[in-house]
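This is the structure, below, for whatever I ask next.
The first chain written gets the first letter, and so on, giving A, B, C and D; residue counts start at 1 in each chain.
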Amino acid sequence: MRRLTEFWRRYRRNVLAVLAFGVLLVVAAMAVFADLLYPQGPWEMVTRPFLWPGDRSQHLLGSDMLGRDVMAGIVHGSRVSLLIGVVATAVAFIIGTLVGATAGYFRGWVDDVLMRFTEIFQTIPPFMFLIVLVAIFKPSVTTITLAIGIVSWPTLARLVRSEFLTLRERDFVQAGFVIGMSNTRIILTQILPNALPPVIVTSSVIVATAIINESALSFLGLGDPNLMSWGTMIGAGRQVLRNAWYLTALPGIAILLTVLALNIAGDGLNDALNPRLKSG
Amino acid sequence: MIPLLQVENLTKHFVTRQGTVQAVDDVSLSIGEGETVGLVGESGCGKSTLGRMIVRLLEPTSGTITLQGKEVAHLRGEASKRFRRRVQLIFQDPFTSLNPRSTVGRILEEPLIVHRLGGRDERRAQVEELLRRVGLSPGAADQFPHEFSGGQRQRIGIARALALSPELIVCDEPVSALDVSIQAQVLNLLSSLKRQTGIAYLFISHDLSVIRYIADRIIVMYLGKIVEVAGHDSLWDRPLHPYTQALMAAVPLPDPQAARSRERVVLEGDLPSPVSPPSGCRFRTRCPHAVDRCAREEPALREVVGGRFVACHLVTAGDGPTDIGPGGPPPPAA
Amino acid sequence: MMSYIARRLLQAVPAVFGIIIINFFVLHLAPGDAADVLAGEAGAANEAYMKQLRETFGLDQPLYVQLYEYVANILQLNLGYSFRHNMAVADLIAERLPATLWLMLSAVFLAVGLGILLGVTSARFVNTIVDRIASVLALLCYSTPVFWIGLMMIVLFSVELGWLPSGGFETIGADFTGLDRVLDVLWHTLMPALALSLFYLAVYARLMRASMLEVYRLDFVTTAHAKGLSPARVAFKHVLRNALLPVVTMAGLHLGGMLGGAVVVEVVFSWPGIGRLAFDAIFQRDFNLVLSILVLSSVLVIVINLAVDLLYAWLDPRIEIR
Amino acid sequence: MSGVAPPLLEVRALETRFSTEAGLVHAVDGLSFSVNKGDSLALVGESGCGKSVTALSILRLVPDPPGRVAGGEILFEGYDLLKLSRRDMRRIRGGEMSMIFQDPMTSLNPVLTIGDQISEAIRTHESVSRRSAWRRCVELLELVRIPDPHRRVHDYPHRLSGGMRQRAMIAMAVACAPKLLIADEPTTALDVTIQAQVLGLLDRLKRELGMTVLLITHDLGVVAEWANRVVVMYAGNKVEEGRVDELFAQPLHPYTQGLLGAIPQAGRVHYTNARLHEISGTVPNLIDPPARCRFAERCAKAIDICHREYPAPFRPAAGREVSCFVAERDLA
């Protein structure tokens, strides 16, 4: 608890980061209360097509070519974005931390093998790999989430590995060996608490990347066909780009704001979790 | 009588991209119960590697380490854990040797938890006692390492090493990162702890003057080899190995008169690469007295006079230490 | 030097095998028979094609034989035939690759060039309004989805202002030659390359700023000042080159990502490269073509990475190439 | 020596401050001392006493922000360096006055050859051709006894050992025959046998090139071996000054006395027969320090006034100075 308040005290100093946190709260609220806000769902044709934003007050952001409410689409789309962003990152986090920690802690041939393996995954152009995976395994929330997780873990694995490699050589970890700690205990009590902060910061950036990747998939028509996503809206809007560009612009702004907020919050986390400890 | 710790023919090689580094090569030494052995040498001489093998942070390439007659170099599991209670380590850098995310209390309690010593309250009491013994207030237990100065942190490191009441503590340059005035505090603390508990130290340092103050017996290393072993007084009065002589001549004395009056033996050149050390005597490339034989034959570490060992062809058993003045040339080869 | 390149290429061999094997398993883990996946479910799955697939990949054999066949075929660049395009897959890729390489080259040029410029400016005016604006700009570019900014650029520059062509590699039917053609291609490249570069531009700007500030704190910069050098000389001769090192490393790591981004950009701007080819192939369910593109792009990344490492070693003499 | 000649360098009431999150650090606080032509002056003190900041202040190299020279004068051959234009200051740096640093591993640019870096120093101050500057580099490397200078001049720093790099740094510093060389802990990162080589080299160059050297160190041994005059600093102030012989024979300030007593080597002490003299406590915080003797809290001899007032410098003899109420009382 004391640490949490201390953390918030430091995070609060970055005004922009607090603002970003607010934006994320709003997006999260949209995702949670989507069914309350727009109980009819995003697919319902509620008005006349091609209403520009501001034309009618009850459809604030206008309507698309089928007369569906753009705002309803954005609110419901936040669900897909956040869900896939967070869960895919969790998948990447689990794989990345396991692989990276094992490689960095045990070093030697274990490290060599795991890192060669990671490098292979890093060499395959991630987005291409992503569309291939999703296309072959048929687009659904599950396949998309897993596929994004699979292309995102190498970054985390490398980060965790380098953290483990340096921390393992630190004197305080060596001291753990000298007082007779087991490997598990050293990893859990000495290394992990010190390795985690940069990993958490990077994870926030990976959530952002995952959201962009999901929207790009949907834009290309490889999203879950049963769900309304921001990328799907942009893909649909593209067909009428010349006449109704707001249909492309608005969901894009939603993505931009969310991703921007995540990145700024990541910077804020970084400052709050790694205060430059004064030495000497 | 069996010494507390006996090291025989210990060797450690590191394989690097440039080649195999012979960090420690065929080193033997012993440490008696309650004895302070000083290990001195310049960077790259292998003193830290040797220390880390003795506390079993590094696996020796070959050779044996015995603690009271029992082989310890390859212990596993519970036996290894029992060893940890008897031999501890104090680190050089007080800023990196304490976990920045643990409280001081937690850091000191950990050894007790790992070895299941005492219940929660007992451990708490023990932590307070440890803090008191190293001259810190019990309140320090709730603070984090970064709230302390370098000297205070080093005291915390010492308290951690004491927690398991070991018989031997390897001190790896424990005062090198500290200012002189703080260094004196730590050296005094280490010697008073020794008086109280009869603990043995292997004290590693590059600083001959610190070694001379704290050690009963001094071992001088050069490029992975022991070149000389002597009692602290006899080494200071009559260094026998040309390297020891040069090392002592190079130590700046805080006494302008003495500094000016002594002979200067400034060693030429740099330390050779430990990947391809010179043939024969490793010191010969910088030795002012080297002769042909030094390049051909590796000098063995031999006892010259009671308790004094030297690895140099030019110092022979027949020559008493009386023949050699401080800093003077060693006698000609027999 | 040559032996270094040879050794690096040798080291790349397991990676290439690994990539091929991963591809193979992706194919086999997919629901249904691999031949179905390869041939696609849509109309093109005629008997001749299925037969050719089964022969090429030995699909009736046990799995390990299939793996062997698959690897052997790819290593001989025997990638099969695309019935959709009526062309050998290898030829098809060779035809489309230059456009993608050109796009990437332009984007790398823009990203590295503008990124460094922005980063150096930020570092020079650190903590001033200039730095703030540059930082916000970088953060915006960093957070913008590439396909969306591409579309928005089309709206602004092609639809509303009519300044730039909305897509394609060159003006169809114009039959420009010589310099005119070069200018035409450049004109068409501008928007897609800029769209593709924005994200990376932001990364390099942020990295360059941090790196410059970091290097400015190093001792040898104080040495340089102590020699009496002018601030400009210190910046260009001593700081810049050292600060570039992490940017070069990053740029090398990003190539794969950029190749992926090229898919989206090529779709948005109707760019006739391998990204667009892969995208079309996916919807035509021509998975053999898709997987071949994937393998070849990965190999491409390995080769370019080697080139980047050589560049790095040239910039940093501490890296010994032997 | 006549006392008429003006000092080569005179620092008067120097104040250098750093703004930090916690507050304004008075790193150097009213420091005055002078360096005469031909001096080997040592500025000695423990970490954080402001000795390195003093060196950087003299060359106006204090990183700004966060640092700033807030007051005082630095007279070099009579001219106040703090009033010079940037351009004129650059002419002084590396020309009239140069500096070498503690860590030879980090103070040379890793991506430029030794020759590039030395000839850059030459060509900045003298209009000579690239070729003749390069020739001078080789001569300079010879001067500092780097073996095989024709080859070494093309080497990158990482190919040289620590001792060799420090020699190369020295070669670079003396390239334009400066009148004053400031050496900031030049041997701290080196082994003792290499340290002896480097100190010997500095001594020789000083004689051969007629330089004056200001040596900054924490090591009283180095001071005793090498310097002829010494200024002892504590917490941003000068506490004592004198000729080396006098100061070591009879240290006047309790801090100097404490420092000398804390070194195990002085006298034949061994843990079995003597405790080392310790100075209790730690260095005070220099954020807005109170106007009183900075050492009072740690001083065994402190009297009432020490905790209330700042001791003015007291000069018991020519060239001897101490800032201590107790010493002043005892000497009076």
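As a working rule, contacts are C-beta pairs under 8 Å (C-beta built on N, C-alpha and C of every residue); 3 or more make two chains touch, one makes a residue touch a chain.
Predicted model only: the values in this text are computed from it and were never measured.
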- Task: Please give the intersection of the contact partners of subunit B with those of subunit C.
- Result: A, D
- Message: When I count C-beta pairs in contact, which pair ends up with more: B-D or C-D?
- Response: B-D
- Note on the structure: Whole-angstrom distance, CA centroid of subunit B to CA centroid of subunit D, is 32
- Query: If you average the Cα atoms of subunit C and of subunit D to get two centres, how far apart are those centres in Å?
  - Reply: 53
- Query: Where the centres are mean C-alpha positions, what is the separation of subunit A from subunit C, in Å?
  - Reply: 22
- Junction residues of subunit B, two or more chains touched: none
- For subunit A, which residues are shared contacts with two or more other chains? 278, 280
- Item | subunit D: positions in contact with at least two other chains | 47
- Note on the structure: As the complex stands, subunit C meets subunit D at residues 217-220, 222-230, 237-238, 241-242, 315-318
- Query: Tell me, which parts of subunit D touch subunit C in their complex?
  - Reply: 56, 59, 61, 63, 90-95, 98-99, 101, 103, 106-112, 120-121, 124-125, 156, 158, 169, 172
- Message: Which residues of subunit C touch subunit A once you look at their complex with the stated criterion?
- Response: 14-15, 18-19, 22, 26-27, 29-31, 37, 139-140, 142-149, 151-152, 154-155, 159, 253, 256-261, 263-264, 267, 275, 278-279, 282-283, 285, 287, 290-291, 293-294, 297-298, 301-302, 305
- Of subunit D, residues touching subunit B in the complex: 46-47, 161, 163-164, 191-197, 199-200, 218-226, 244-245, 248-249, 258-266, 269-271, 275-280, 282
- Query: Considering the complex alone, what residue numbers of subunit B touch subunit A?
  - Reply: 55, 57, 80-81, 84-85, 88-89, 91-93, 95-102, 110-111, 114-115, 146, 150, 157, 160, 163-164
